[in-house]
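Paired with chain B in one complex and with chain C in the other, chain A is shared by the two complexes that follow.
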Partner chain A sequence: MRARVLDKILSFFEGPWARLLMFPALAFMGIFILFPLVWSVYLSFTNYRLTGPEAVNYTFVGLKNYLKLFKDSEFLDAIRNSFVFTFLSALVGQTVLGLGLALVARMKEPEGVLGKVLKILKIVTITVVFISWVIPEVVAGYAWISLTETGGFFSTLFMGPAKSFKFEHPMETIIIANIWRGTAFSMILFIAALESIPSYIYEAAEIDGATPWQRFRYVILPLLSGAILVDLILITIWTFGLFTLVYIILGVPFRTMHWTIYVYYKGIDRYNVSLASAASNIMFLIVLALIVSYLVLMRKLRRWG
Partner chain B sequence: MGKLGVIAAIAFLVAVLSYFLIPLLWMIFAAFDPNAGPELKIPTNPSLVNFEKLAEPIGAAVPYTWILNSLIIASASATLATVLALLAAYVMTRHSFRGQEALTTMFVSFRLIPVIVIALPIMVLYKGWGLNNTLQGVILAHTALILPFAILILDGYLRGIPTTYEEAAMIDGCSKLGAFLRITLPLALPGLVTVWLISFVFSWGEYVIPRLIIATETLTPAAVGLDYFKGLHGQIDYGRIAAFSILYTLPVVAIFMYIKKYLQRGVAGLVSR
Partner chain C sequence: MSTIRLESITKIFPPNVVAVDNVSLKIEKGEFFVLLGPSGCGKTTTLRIIAGLEKPTRGRVYIDEEDVTDLPPRKRDIAMVFQTWALYPHMKVYDNIAFPLKLRKLPQHEIDRRVREVAKMLRIEELLDRYPKQLSGGQQQRVALARALVRNPRAWLMDEPLSNLDALLRVQMRAELKRLQKELKITTVYVTHDQVEAMTMADRIAVMNRGRVLQVGTPFEVYHNPRTIFVGGFIGSPPMNFVRATFDKVGENYVLRFENVSLTIPSELGKHIENRVGTGSEVVIGIRPEHISLASAEEENAIPGEIYVVEPLGTETILNVKIGETVIKMKVLKELILPVGERVWIKFDLDRIHIFDPKTEEAIV
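Moving on to the complex of A and B:
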């Protein structure tokens, strides 16, 4: 009897009313994602500050914040460095290392001791790379601080005992740390992509006498091109918008190393939220362009597949 | 592949392994070393002193309470996000309506927005909404940030469960939603657990939102709490930071080892979906 009453109530959510069940989720995203984005655009055209008189009585100032930004050499440096950081740590580092690991992971182990060593090393390395990806970003940040601080392992190795690697080479530090942090994603993606290639294709190439390099260059690489493109776009988006890791390791003194630290510095440390919003909006446009290219690419891949 | 190739592969793996192992080794060594510093060394007289010192207050709060705060925030956001995502995914997979494709596209885009871009205006808005410096504020923002991803995963999962059983139940007099709840939901339980765990891990590790919203030591979650081990003049309490990092990391590693298989499939789906 009770079940029937329940079903009567539930049957209300059939037909057009079913869409009502989506409302809570959409409302959440509308209030806490979409509206803040719009608000950020609005704030960037005002002189709003976190404290002082402009926190209460702020007015419309037009493009003033944007014009100010393009005259600020710190902001321009931050943009340039963000591109360098993204290019070296995401495109060069993570993609190449991830692909290398994926290729080694699917190598056949020969008989004997050497094969056993290879097998164990494979499992251990993949697990450790995976762990470095899943631990909290803050924890990764503090581990890398210690290694690159004066007396830390990397500092002693490259600079001697009296100097700090992080202080002398801030860009190299966040690049090394971010490759460490992010490579697992590319590795997993490429392992999955390699598994989806049927094995007879490799075997055919092997029988035809292709060298390992030829097999990689003319068989594997073309078949992986879709996966590589997806990987490149995704990790570019993530690296370009990265805040936590770079902020933990470098902090506001190195605000010209990444635009996200610059935004934090202007908005939180200098209370100038309107200027920070303007900076954040400019950079978000670049991220948006990348997101659109990802969506277009996914659509194309689906059509091919 | 010749013997030379195998040796080259082993050399490559050893190099990569040492690069990836060193930061983790430092963390483990330093946590059990009463005289821990930035240098990498095996503790000469290992002890649990660093863990015991986590019970001593920093400012107004004991570090252990930060873990508790993270537990509250992460389980509340994960639960809220999973329930709301299930409702949304039900509509997306069991009903067809106009604009479905556009909605999916929107969710994919939302997932890729850098958090700092949203966190800054949220901080300003929260001042007016009275959510600044509250756990609820963090929970609500985290729920919204998790939702796009949670819906996409559940959408994929529910599409994999055939609707024939539901249709049979409907012929026997069940309502459409009733059939879904009674028949498909139990089948989708592993998917729901996975979504909950992934959401939990996201919220557990997320730093930007609480960093901008929470100002009181007693309300701080573990992600931001680590910053308090840094002294006023930049000197860092390495031993306690390492000990706290280990406690803070263990649940996440346990969860990921549990859902590893699923995750690999999920990443594969990014290419083929």
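Moving on to the complex of A and C:
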């Protein structure tokens, strides 16, 4: 009886009324995603600040904030640093390493004792990589501080006992830390993608005479292109927008300012919300352009899809 | 054209599943050799061992008398057609066929010439510019064959290549494949569970069950002289009838008794059985449906029964006749619809019966 009532209610929502069901989700997204976006665009054209007279009586100032940003060498540095950081830690580090680990994870071990040892090594490695991803970001940040401060393991190993690795090489520090932390995601994604390629495709390539490298280059890699695209899109967004790990490790540094730190610094530290909004919007456009270019590139590569 | 030889191949999958049990085979040059058996009998594993996709636990594999047991598949120069055809989804048909040649770094014009040649042979020229996804099953099958053909491999290995096609296409491809193999004289090892495919295509058949090769022979031999109950029952459609009977000697005559029936068999056959197992012993009679005919009551050795089920097949009819508690299938070469329950007399062609030992399941005669 109850099932029948439920059926009646549900069948009402078939057809044109089905769209009504999307309303709660749309309202949620409108309030928490679309509105802040529009609001930040609006603010970026004003002189709004968190404190002082402009907090109450702010006025429209046109492109003034944007022009100011393009003259600010600190901002231009921050953009460049974010690009370098994203390119090296995410695109090169996490994707390549993640793919490598996924391939290792899928590899068949030889029979015998050696195979068993390799299998245990493999499981340990994958577990460790995975743990680095699930521990809280703040904890991970402090762990890296303790490694890279004066007297820390990394510092002592590379710089001697008197120097700090993170002070001398701030960019390298956050790149390594982010590769360490984020690789697991790419690895898991690629393991899943590799699972979805049926084994007879590998075997056919083997029979057709492909060496392991040729199998990777001509069969596995093209078949993974969809997964690689998804991975690139996600980690580009995440890494450009990464705040916690970078902020915990470096704070607000004098050099090697990351874009998110710049926005935080200007908006929260210096109360200049309108300028910070303008900086956010510029980055939004840059990331959007990157993702569109990935999609275009992938469309060209994956005509068979 | 190559020979393939398997020497005491055993494959054990951990922990202790014996997939292939001490198999030795010799496949001759240009032969169409079929591995036939039910699923799980080890035929596909045997094929994969020849291909190099599996390593045997024991035993050696020779191609042209060269020991290839430890060589990876790419160094064996064999081609394989998979059940699923295993086309590369990201390559066009042309590139799928050209792939083995590209890997061998042949000059571009040579690759092009060969790809177009096989495409013409298999009538898929107009498909070269398509992706596998845009092809029908039969077309994909042809592409897989073309890819296996294009580089003149030492041998063709086929793992149920027709089983994913619909029935009509399967019959059509069966003949085409056989003709192609005869034309090119490529040594072929073909795995199937379909005894009709095996009978129609093979030069020789190896019947496998539970990892063992039970019998190797031409389709004719395997059909007419099955060495075990399993082989007799697996080959032929409908399968051979098996009846448990007692073998005895009454005066000068040898008889087989089952249900309420007593068959007097030719004395030569009787002597043979007597020499092998002695009188009074249990045997299994095997007789093919086409070797049973309708008879009249007064004929010698006529067996009374009643119609249980009638299966008309157009030009022939399969009658299921109940004798006591035993149901016997027989084939008559005409349309014959008898009412269920009708009393009939049937007769075995005693020159064509097979006698098996119920304990070893092996043929006595």
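Please note the rule applied: the second predicted complex is superposed on the first by the 258 of 305 C-alpha atoms of A that agree within 3 Å, B and C clash if a C-alpha of one lies under 4 Å from a C-alpha of the other, contacts with A are read in each partner's own complex, and residues count from 1 in each chain.
The rule is simple: a residue touches a chain if its C-beta (ideal position, glycine included) is under 8 Å from a C-beta of that chain, and two chains touch if they have at least 3 such contacts.
Quantities reported herein were computed from a predicted structural model and do not represent experimental measurements.
Peer 1: Who contacts more of chain A, chain B or chain C?
Peer 2: Here the partner covering more residues of chain A is B.
Peer 1: Who does A:Y200 touch here: chain B (first), chain C (second), both, or neither?
Peer 2: After superposing on A, A:Y200 lies in contact with chain C but is clear of chain B.
Peer 1: Please work out whether A:A289 is in contact with chain B alone, chain C alone, both, or neither, and reply first, second, both or neither.
Peer 2: neither
Peer 1: Per the contact definition in the header, classify A:K108: touching chain B only (first), chain C only (second), both, or neither.
Peer 2: first
Peer 1: For A:P222, is the partner it touches chain B (first), chain C (second), both, or none of the two (neither)?
Peer 2: After superposing on A, A:P222 lies in contact with chain C but is clear of chain B.
Peer 1: Now for A:V134: first (chain B), second (chain C), both, or neither, which partner does it touch?
Peer 2: Touch partner of A:V134: chain B, not chain C.
Peer 1: Determine, under the contact definition given at the top, whether A:R19 touches first (chain B), second (chain C), both, or neither.
Peer 2: So A:R19 only meets chain B here.
Peer 1: After the superposition on A, what does A:L67 contact: first (chain B), second (chain C), both or neither?
Peer 2: In the superposition, A:L67 touches no partner, neither chain B nor chain C.
Peer 1: Pick out the shared contact residues on chain A: the ones touching chain B in one complex and chain C in the other.
Peer 2: 302
Peer 1: What residues on chain A touch chain B, complex-wise?
Peer 2: 3, 6-8, 10-11, 13-14, 18-19, 21-22, 24-26, 28-29, 31-33, 35-37, 39-40, 43, 48, 50, 97, 100-101, 104, 107-110, 114-115, 117-118, 121-122, 124-125, 128-132, 134-140, 142-147, 149-153, 155-156, 180, 185, 188-189, 191-193, 195-196, 212, 226-227, 230, 234, 237-238, 240-244, 248, 260, 263-264, 267-268, 273, 276-277, 280-281, 283-284, 287, 290-291, 294-295, 298, 301-302, 305
Peer 1: Can you tell me which positions in chain A touch chain C when the two form their complex?
Peer 2: Chain A residues touching chain C: 198, 200-201, 203-211, 214, 218-219, 222-223, 225, 302-304.
Peer 1: Can you list the residues on chain B that touch chain A in the complex?
Peer 2: Residues of chain B touching chain A: 1, 3, 5-7, 9-10, 12-14, 16-17, 19-24, 26-27, 30, 37-40, 84-85, 87-88, 90-92, 94-95, 97, 105, 108-110, 112-118, 120-125, 140-141, 143-145, 147-148, 151, 173-178, 181, 201, 204-205, 207-208, 212, 222-224, 226, 236, 238, 241-242, 245, 248-249, 252-253, 256, 260, 263-265, 267-268, 270-273.
Peer 1: Quick check: in the complex, which residue numbers of chain C touch chain A?
Peer 2: 51-53, 72-74, 77-80, 82, 84, 86-92, 99-100, 103-104, 131, 133, 147, 151
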